[in-house]
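Two complexes, one shared chain (chain A), two partners (chain B, chain C).
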Partner chain A sequence: MSTQTAPPPAPAPARVVAGSSRRRHHRRTALSAAGFLVPFGVLFTAMMLAPIGYAIYQSFYKVHRQGLFGGAQTTEFAGLDNFTAALHDGDFTASLGRVALLGVVQVPVMLGLALALALLLDARSARLRKTFRMVFFLPYALPGAIAAVMWSFLLVKDLSPFTGPLGAIGIHTDFLSAGWIPVSIGNMITWGWTGYNMLIIYSALQSLPAEVIEAAALDNCTGWRLAWHIKIPMVRSSLVLTTVFSIIGTAQLYTEPAVLAAARIPGASNKFSPIMNTTLTASQADQNLAAAESVLLALVTLVLSFGLLKFTQRKTADA
Partner chain B sequence: MKSRVFRVAATAVAVASLASLAACGSNGSTSKASGPVSMEFWGWAPGYDKITAQWNAAHPDVKVTFKQIPSGGKGGYDQMTNAIAAGKAPCLGQVTYNDIPQMVVKNALMDITPYASGDTGKYLDWTVAASSAGGKTYGIPVDTGPMALYYRTDLFQKFGITAPPATWDEYAADAAKVHAADPSVAFGTAPQDAYDMAGLSWQTGKPWFGTQGTAWQVSIDNPGTQQVAKYWQDLKDKQEVMNNGNAWDPNFDKASEAGKVATFVNAAWAVPGITGDLKDLSGKWAVAPMPTWTTGDKTSANSGGSATSVLSGCKTPKQAEQFAAFLSSDPDAVSTGITVGGLYPASKAGLDNPLLSQPNPYFGGQKIYDVFKQSAANIPTTWVVGPTFGQVEADYSDAIGKSGLPQATTTVQQKTVDKIKSLGLSVTGG
Partner chain C sequence: MTSTRSPLTGRLAVNALLGLMALYTLIPLWWLLVSATKGQGYLYKGSPLWFSHFDLGGNLSSVFSFQGGVFSSWLANSALYSLVGAAVSTLLSVMAGFALAKYRFRGREAIFNVILASVLIPAPMFALPLFLMLAKLQLTDTYWAVLLPSFVSPFGVYLSRIYASASVPDELLEAARIDGAGEYRTFFRIALPVMGPALVTIFLFQFVSVWNNYLLPSLMINDSSKLPVTVGLVQWRSEFANGVSPMLPITGAFVSLIPLLIAFIALQRFWRSGLTAGAVK
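Entry: the complex of A and B
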């Protein structure tokens, strides 16, 4: 695979070289390209392609058991049976709907916040730029599971530092009740990932050509208008990128709800997200169904991310 | 010039990554047993590490290494089955009675009937039955979980409760009394998951599963479970019990330290949980028999309890079974289990261990094991565990969060039938 993907020819040398030497040169670049690609190729095949292929393969088979405890087990081709079963599993489809809803609400909030922070940092009048960049990015440096544990302590009714003051002004909420849990999880993700997304947008802002900003400034376009008319359109591609990342991240939601469920908080479902369902299915001796669920989740994520990419590309082409 | 540098670098990177892959592959396959046997034991009960050390001191030819893993339902069983699939499984694993059938369905346990047949008579009959499947032995019983009522003597005194409730009616009356006096104090903790529900339902004598020929009968949604579910839902609705927080949750510990929870119903192995987590409350907790449904009745229940199983792929099952038998029946091992792990022995001889008749200073000098002994003698032996306890557990926790206990019970019944079907086993809806 990797030996055929030679890189584009090197820029034409200034001096015309003889045919054979050029061919040798080609072979040499092809070889060193291969040298670079082989480690990646091996790892990518072993760690990505092979497991994906195995999951797809597994999703088309089913284990047949006999007697009370399974007895001699045989594996047979099952066609699309596992996929039909997954789509008829109310818990699995509900979890897909749940992360979809969470994505629709949380991703715009998070990216809006990230963009706002990035623009503030990028503004000419910004002070303590490095400090603030650090502070905003810091939550991302904390492992997700630890952040989730921390938040579950901050939100659990009898320990939370928020419920007291809120109760004093007449608001009595349990942030970890069944109704509030999706909001609390959205809050945890936003807290953890806003800084990361901000950094991507901020680096895009930093690499905007100075002359464009200066030209805008000369035309008296500054502050809010500069951001809205010049900066945001120019960092559009990184906004698309962060959106795609966030969609994938939301579809693969696991850590935050899993920590809450493991803490046995009533209302924290152990089937909150699709991956939690898949993990449960797999640990209940139903690997084939779990494989089908994973494949379905991957398909949904692929369609959404590529759909968004195509959509924005077409819009750019139209513009 | 430049390209040569690149080429060297590329080759170096390639070689390095291949070398690390190779290192991964060869790791661990060096355990060719010659001379002394060595094997691993995975579990989570407190005290198992010390018992393993006791074994190693007495058996230099069979070295066992204990590895602490998360408890089964929290990922321990997944670690075992994954290790089996990878061919790197330990020889021994802790498996609770609830989970033996599903581990057998997963082909994770080895049939040790030929090695254990001489040993099984040493243990309580129902624990031997619970460690078997289809007439084959899949584990050596270690401990049982006779249930009891843990209560706060200081709070009982404060609210004028003179004796611990002997029946569930009295329990509800006391709960109402405490709630009327101080609504911020919960009388107990409501069942939150399948472990809690199974323990409380066990007492009604109506098992969740049965078998008929080669078909499973699921009867989780039976009158006994519904009686339990309605009883506790009523207490939950009146806010007389904590509906979040179970013993050892931070919530429970905090409420306990603040004197906001007066009782909880749980097994003997709960002892190290309170004595360890709530050191400051020494002298304030006591143990009484589990309340019963009818006056004068002594029927109790079991919650949890584990066996030691030999995992599939073990090359030295004979020595593994010997270790399991030592863990369960050696007098010193049983003593360690009682003092460190609060493990109430499943071995008949272990029940006469002198430690079980000693007063416990934490409980104000009460001989708590007298209570557990009476409880253990009154556990109905009709309980049958089904082949999908992991699913029952997951669905119960989930359903209790979404609806009341009676409705959750009905939901879990249906989901369990569906899951057993989906595994390709035969099942009737009971």
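Entry: the complex of A and C
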């Protein structure tokens, strides 16, 4: 059984103590584990935990400047003042509303599409499965900023290959006008992320036990009925997972609207998303307000995603 | 056999719908390719989806010579940030994941849960405080400002823990120790080779996430010669309003996608293993 080819030169006693491998486990002390964990731990603490702590700290303080000409500064505890100010910052709350609306509309569209594609790909009659899978997933591997630069040209009225065909069926729109920009941003996210979500759901479909599908087929349950009654309920956990990821993704929306604003598209605002607002607020020298806004945004996201996870877990447990 | 053949119309519909989605995915990229080859001033002429006034060579030479050839530095910077970031983060993740899988110690689950929870708090939300912290340390506008955050991949730790638990047998580690190998030697000689596929997957995901990042480098870097290609091209796009030719950001965008397309096709099978592991969560 031993993987060794030659016996160890000297002290075999360690072997004689034999015991269970479990006991030997204990000799691998916390000390050697720490040796492996510390490099990651230090950077994780410095680059991920510390900024969170710093933002929380900043959000409870206020900087007072004495005199107009950059005299001495004093930092004071401000309680919840920054949070109240954040909730009264119209630009910030409007941006929260925009991403919430975007999330409520775009996430179901994208995940519905991803689920439909995963089911189609899993259907017996699908051809070229590997090619389709690869094509759908491709945009995930490309930078969102570059994709946004691409779309920022592709959606220009005189340039777009879409305006012609859409005009032919009576839809005359300018995708980059103020009213359509949220739709165009939703389109960019859908283009970029549908395949990623599809692949997660598809992997779950692929791991369903073949017997179940066979048994259902014997009962004459095929096609749509098979998908609706058997497959979708069985991949529920992957749907929950993709929903949570999409909520988090929408809450941290930045690249697409930021690129449109940088491209100086007339209808694009540099205050579209909450993160755009926080960076703007900080550059206007109110770091404490910006910190409070970051903390609020993270809290809302955490409550939503964690809440959804817990809620669906409890429902599964009840079932 | 239960091969009740689905009716022809059904089969056609399934494949037609899949084809439609493939078109939606590919048309924008095709447009980018076609547009990148159109001669200066001909972008708005001819069919948007077919070649005319072919001058890819001219576009390429203006992309690589504009602003003193800064585009090549952007590509090199992207490569540097992604390669170094992914290599270091893979090593750190695998070490941490290995320790969490193969050692028993107090607080192990607590540490793992903190790392997992950090996946629910997206880094971009705290990119700003991170920027302010690094600014105090005078690290902003240096390569370190982008590299240091890239060294951390909680997903990588998660993936290596699962992989190490499943694929590195305790007996193998024991045998190495009995042979007198130290902990680090055991790890590098025995565990690391077994975890090869996980290493590639973690490297790939981190490479792409660093290459594709926009917010972090756009906050941290001011000096144009240190920008990655994503931020650089957005700058060109914004200078379009000041009269910079649209061919620069368009051809530049196309060129910058080529290395990613190659990596994507060459490393396909590793994507899937990363995603299925993600779905176990």
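Everything that follows uses one rule, which is that the second predicted complex is superposed on the first by the 269 of 319 C-alpha atoms of A that agree within 3 Å, B and C clash if a C-alpha of one lies under 4 Å from a C-alpha of the other, contacts with A are read in each partner's own complex, and residues count from 1 in each chain.
In this section, contacts are C-beta pairs under 8 Å (C-beta built on N, C-alpha and C of every residue); 3 or more make two chains touch, one makes a residue touch a chain.
Model, not experiment: these values are computed from the prediction.
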item: Partner chain in contact with A:158 - chain B first, chain C second, else both or neither; value: both
item: Of chain C and chain B, partner touching more chain A residues; value: C
item: Which superposed partner A:36 touches (first chain B, second chain C, both, neither); value: both
item: Partner chain(s) touched by A:262 [first = chain B, second = chain C, both, neither]; value: both
item: First (chain B), second (chain C), both or neither touched by A:251; value: second
item: Touching partner for A:167 - first (chain B), second (chain C), both, neither; value: neither
item: Overlap of chain C and chain B interfaces on chain A (superposed complexes); value: 28-29, 32, 35-36, 39, 43, 46, 153, 158-159, 262-264, 282
item: Partner chain C, residues of chain A touching it in the complex; value: 2-4, 8, 14-15, 21, 24-26, 28-30, 32-37, 39-41, 43-44, 46-52, 54-55, 58, 113, 116-117, 120-121, 123-128, 132, 134-139, 141-154, 158-161, 191, 194-196, 199-200, 203-204, 207, 214, 217-218, 222-223, 237-238, 241, 244, 248-249, 251-252, 254-255, 258-259, 262-264, 275, 278-279, 282, 287, 290-291, 294, 297-298, 301-302, 305-306
item: Contacting residues of chain C [partner chain A, same complex]; value: 2, 4, 6, 10-11, 14-15, 17-18, 21-22, 24-29, 31-32, 35, 43-44, 47-49, 92-93, 95-96, 98-100, 102-106, 108, 111, 115, 118, 120-130, 132-133, 148-149, 151-152, 154, 157, 170-172, 174-175, 177-180, 183-184, 187, 208, 211-215, 218-219, 229-231, 233-235, 237-238, 240-241, 246, 249-250, 253, 256-257, 260-261, 263-265, 268, 271-272, 275-276, 278-279, 281
item: Chain A-facing residues of chain B, complex; value: 3, 6-7, 10-11, 13-14, 16-18, 21, 74, 77-78, 81, 101-102, 104-107, 133-134, 192-193, 211, 214-216, 243-246, 249-251, 254-255, 387-388, 390-391, 394, 397-398, 400-402, 419, 422-425
item: Complex contact set, residues of chain A against chain B; value: 28-29, 31-32, 35-36, 38-39, 42-43, 46, 62-70, 73, 85, 91, 153, 156-159, 176, 178, 261-271, 280, 282-286, 289
